[in-house]
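After this come two complexes, each holding chain A, first together with chain B and then together with chain C.
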Partner chain A sequence: MSNQKKRIVKIEPLKQMVNVDSKLAWKILEDAIREIYNQNVSDLSFEELYRNAYYMILQRFGDKLYSGLVTTLTKHIREVSELIEAAQGDLFLEVLKRKWEDHNKALEMIQGILMYMDRTFIPSTHRTPVYQLGLNLWRDNIIHSSQIQTRLLKTLLDLVQRDEQVKLYLGEE
Partner chain B sequence: MDRKKQKKFLIVPPFKCTWRKELRFKEAGRGCVAFEASAHNDVTLVFRERVGSQHYHYRTDNTPNYTIILGSHRNRRLKIEVNGKTVVDETGVGLCCSLTFQSYWISIYDGLISIGKGRYPFQNLVFQWLDSNPNCSVQYIGLSSWDKHVGYRNVNVLPSTSNHILLWNQMDNGELECDEDEDIADGFIDGLESEDVWGLKCFLENWDLSDVLFIVGDEEKAVPAHKVIMGASGNFCFGSSNPDVIQLPGVTYPVFHAFLQYIYTGQAQVLEEQLGALRDLSLQFEVMPLIKQCEEITDRFKLNKKLFDSGRKVEISHPCSLPQRCTVFPFELPIDLQRLKQWLSTGEFSDVEIHIDGHGLVARSHKVILSLWSAAFTKMFTNGMCESNSSKICLRDTSFDAFIEMLQFMYSGELGVQDATDKGSLLLQILLLADQFGVTPLLQGCCKTILECLSEDTVCSILQVISSIPSCKSLEEACERKFSKHFDYCTTVNTDFVFLDETSFSDILQCPNLTVTSEERILDAILLWGMEASDLLGWEAVDTILKTSTPDLLFGERLLSVNMLLPLVRFPLMPITLLKKLEKSSLSIQIPVLEELVMEAIKYSVSKMTQPGSNQNVRFQHRQSTFKEFQYICDGDNNGVLYFAGTSYGKHQWVNPVLSKKITVTASSPASRFTDPKALVSRTYQGTSFAGPRIEDGKNCSWWMVDIGEDHQLMCNYYTLRQDGSSAFMRSWALQGSLDEKNWTNLRVHENDQTICKPGQYVSWPVNGPTALFPFRFFRVVLLGPTTSDSGPWNLCICFLELYGYFHM
Partner chain C sequence: MTGSSSDSKVEIISRLAQWRIESFGPCSYRRSDSFKLGIWNWHISIEKNRYLYVRLFPEPSRVSKEQPPLARFVLRVSSCGPNRRPYISPIHERLLRTSEDFVWPVDSTFLGRIVIDVEFLDLKICQLNGGDPISIWPGDGATQCLATQRTLCCLSRMLNEEILTDVTINMSGGTLRAHKAILSASSPVFQSMFLHDLKEKESSMVDIEDISVESCMALLSYLYGTIKQDDFWRHRLALLGAAHKYDIMDLKDACEESLLEDINSGNVLERLQEAWLYQLDKLKKGCLMYLFDFGKIYDVKDEIDAFFRNADRELMEELFHELLTVWKPA
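Presenting the complex of A and B:
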């Protein structure tokens, strides 16, 4: 009988779903990602960004959001890659390290605002999660970049060698 | 993924045993395991102090253990063995194995072994046995077998309830109603596992969102905590002079850690010699449950020195206040629920004001409470964007009422809407909100409530909302199944279904259980959906529109989808006359796909021959569940359902279907010479045939009722009655339908209907409106007011009844 009573609960349709302009929403997110890389985050509103990303997924603009993210991240990482390549001498490793740390911090923030996509869209479409995507792009565009790869290897080997020599020298002392 | 699958389904080979680290009681000697098992016999669970090997067998174990065997002796007995000695060997307790997965639970509490059936631990207790010499060290659970494979899945270990009363009370309750959908329940259990990751435990000694510091021990270690959590668990005098820092020089860090652990996770480990200090600390801050548990454990220890090796860690586990929901905040914690709820309204210790665009201030809340439910809120408050440094957040495009419900859920762990009928409309909005912020238990609660009150009238609106939410897949599928079972109803009562997205609509059309009165209806529905119609039209009306328009204009973006969906109509099942009409229509001319399908169907029905290979095509096959049409031609014809039942559904010559037991007829008064069930369907005129009144709810009530059989259903659209030889004419009555013989739906109500005016007169009426599309098993003609007779105004005097419509068998 109680079962019968429950059935009376009437579920009314939603009056209207919020309609979000996907272009505008993506613009907001794209700008925000740029600001995140510029480390101007304190003026950004998490609520606004999370909500826009959420509505983009809900209204089936997931592909647009994801491909936009890939493009923006790639573009940014390429810029970083140029900066690193331009760094001279000892600065090279320092710049590389600083940019890597910045990238990591930024990725964490981007992952935060795109959390809804990570939770729903990405598993259902079998894509790479945001954080992993950022790491992959870094690997492909920076670590595997012909300019950087050889130089990084050489710098590291030089360092190791210098280290050995110092040890050797100290040992002789 | 693999790991999860494994967890979902595990087969233990004969004479083997599976042990897992996580299959362990949190507290030795006390705990409950809930699981599903499938086997020929001998579902065997072993409980012992340490894990065993895969080749472990309880028969060869000489360390203390409990072994519980469901379906021993070729699935006839329940057996409990203690250290290899049989102590219980019972038949007929109803704890047998089954080849389909059955849910069981086993609880052990200081030697009291309780075994029950069903998905809800501590409910539906079936058997109980108390070990007079309790083994309080059993902790690990082994899943084992005898000579056959045993399948296990959904194995969950829960803390045991200390409330034995609760267990005993369950004895009288009947078997709990099982969900009709196995996969839905699975979905819930999956969710529970994933939800384990997030919770208040993430904030244990976490500087994030903390607002009070404890300075502990001689080393003055600073330990962060959250006022709202601490305050709701005990009495910390945060109001006094320096409320943000509390000095505890006399307390060592390990003890304080255990204390916090207990408050934040409901469990703690301490060394046995620290129990006293922990108790004193709890006493200082009035954390009542912990005081009680410390004292209990100390007493147990005093009673039985052997229980604990000194120097070993003692586990304390807070008993869950609501056993069914012990993974949900705040039931697993020693939190004062009333206090917490009160603080939501008073804003005590609040660190965030929530505003909703257009509503202003909604609540003064606590960041840590929002965060423990939702990773999104955690990020919002901690990732350095503007909300992190602000004590105010503003939410936009958020339903005020739904958000309030969500907040209340976050503070109470329960969905308030469950029993408030007026809040039903909110459910979908709460569900959306829960999904947006990833509050999984709330999402599950909403899904469950919606599922429980799912009806033909609501499926469309639910589907519209949830089809875009991936985490509601099982609810979505249930809605689609419901829709496809009531396809006629859902597509003819209103045009809500045109708002479904293509995937949902196409899923419905491809549902193997799609039940529909004719293929024409499917064609109509696809066309209506394609043109996003606001009025209900048949294909002929659409055809007329197309004479002066083009498919591009009519269907717009959906033309492609229409072309994809049309092949789901089984044109070959349509009557040839209809196909010929379709062939000549503008629909065919303008939509090549349709033309091709119609031509194919015509070719098939003319020659009964198809192109090689296309026989396998589902389009040529009858639907699994179709309705046979019984059309009213004239009074007393042979086209009705009751006549059809008399021919054993078309197999034999007609015999009275009551005598051949194809249908059952009953009257409101006992059977007698003039109240003869078989006479009503005998197809011969009866001078006197009536159903006399009985008193129901203090009122006179007369009826004739037909049960068309358990596996049969009828969507009734016409019915015929015949007056007997008397002149007691009915004036107010109703034809009603029912699925369960209890709840009746009016199919047609007659009020002061003067039609019957001669003895022996036949009369027939159509059943109009949406109720004609509801399939029912029971039908009755019930008198609503007195007849024209003065002597027996409550005698329902008819001698014949026939029903028409769409019959399903």
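Presenting the complex of A and C:
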């Protein structure tokens, strides 16, 4: 009997090793994603973030991690959307471009931290990979936002027109 | 024997073999001593008849039978008499197995000293299984082998003498020094870790909580190519975890193979759990086969209760599914 007890105990450490508090793990990741968008990353530990995401997936909290990611990214992108909408006049394109570049850089980091989810959970549950998800959310919330879409189109057309006028003017000279 | 006198010897330099025959003597047939070129021992023979017949062939042996040479070569026969121009053969390319495979007749009116040159332009090992012949030049195999050994030696020194290390790995039990480049080349996770401007890149420190110093050293020695078999064996569970976490596929496969090798009733449930956790299909199949097809589930029936209480639901479903497939009502 004592021998059998030992064998049962052997299984336990494995379970404990994987045992992370999924709420705490997600809190750490959520805060980190915010800091990444705030470009405040030098204090973030890649290993710690990767480990938390890794154990969340290993412990079958993939759904929680993925839906949390979608919510957080969406929330952030909507905030960005408001900022872009609020930009006045010529600043509009500038803000849009800067936010787009920030978004891309942030996505690359998030993709790195959540690499394990991209490798296992996402293919097995047929979901959209992290980077593509970020691009889709940007498209749906910013490019397709009625305000931004109209304004973007108008601004670009204005620029083209201004460019044409300058060419005409120079040509006449 | 005709090949015993001192002028039977063939001198070789690089790819050129030269047989200097002082005098033909009374015989009509001479065979040179064997000379080694490539992986074969060769002979040249000459036979005086209406013509002078020159033959080139490998010594009959296992090598020449199983890996016969495909030779591209030029022969030249010259004598030192006045007004004698050397006979130069065209370039031949022949599979040479026996003395019958190549004969070159030359005008036989030689007197006195004869010099026979064989210049090998290429020597290939003929593959009996029909594969392409492999040239023995340049001797890639040996050079590559040497280079590999040397590289391993360098890597081993880099790790053990901490040569120009640029990252510190902190674990609860101690620290180890390594190289970002080696870690990054081995694992996409480390590559991403040192690419982005997060803490690790700036501080050149990584805090890894879920590995012991000994297991981490085993991991590093695997990545640096210097791991010893017993270290691998002792740390293979930890190595499996690390390989899975850091996406080092070859190490993960090696661990899985190793764990498959010693399944027994004492560890099969634990192995099954590992296989489930790390998605090791081969190991999982092995464990299920051991339990059900080979009926060893009866040996572990006391432990299986506890296992069922703790195991993942999906794993349980799979277990029952397997049980139903194997179960044949009497």
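A few remarks follow.
The criterion applied here is as follows: the second predicted complex is superposed on the first by the 156 of 173 C-alpha atoms of A that agree within 3 Å, B and C clash if a C-alpha of one lies under 4 Å from a C-alpha of the other, contacts with A are read in each partner's own complex, and residues count from 1 in each chain.
Methods note: a contact is a pair of C-beta atoms (placed from the backbone, for glycine too) under 8 Å apart; a residue touches a chain by one contact, two chains touch by 3 or more.
Here the structure is a predicted model, which means the values were calculated and not measured.
In the overlay built on the shared chain, the residue A:123 is in contact with chain B alone; chain C does not reach it. When both complexes are overlaid on chain A, the residue A:22 reaches neither chain B nor chain C.
Of the two partner chains placed by the overlay, neither chain B nor chain C lies in contact with A:155. After overlaying the two complexes on the shared chain, residue contacts for A:132 are found with neither chain B nor chain C. Of the two partner chains placed around the shared chain by superposition, chain B and chain C are both touched by A:42. By the touch criterion defined above, A:74 lies against neither chain B nor chain C after alignment on the C-alpha atoms of chain A. Residues 4, 7-8, 10-12, 14, 17-18, 41-51, 54, 58, 60, 108-109, 112-113, 115-116, 119-120 of chain A lie in contact with chain B in one complex and with chain C in the other. Residue ranges of chain C in contact with chain A, taken from their complex: 188-189, 192-193, 195-200, 202, 206-210, 241, 245, 247, 266-267, 269-270, 273-274, 277, 279, 302-303, 306-307, 310, 312. Residues 1, 4, 7-8, 10-12, 14-15, 17-18, 41-51, 54, 58, 60, 108-109, 112-113, 115-116, 119-120 of chain A are the ones touching chain C in the complex.
Residues 177, 375-376, 379-380, 383-389, 393-397, 421, 424-425, 427-429, 432, 435-436, 438, 449-450, 452-453, 455, 457-458, 460-462, 464-465, 468-471, 496, 743 of chain B are the ones touching chain A in the complex. The touching residues of chain A, when paired with chain B in their complex, are 3-4, 6-14, 17-18, 41-51, 54-55, 58-60, 108-109, 112-113, 115-116, 119-121, 123-124.
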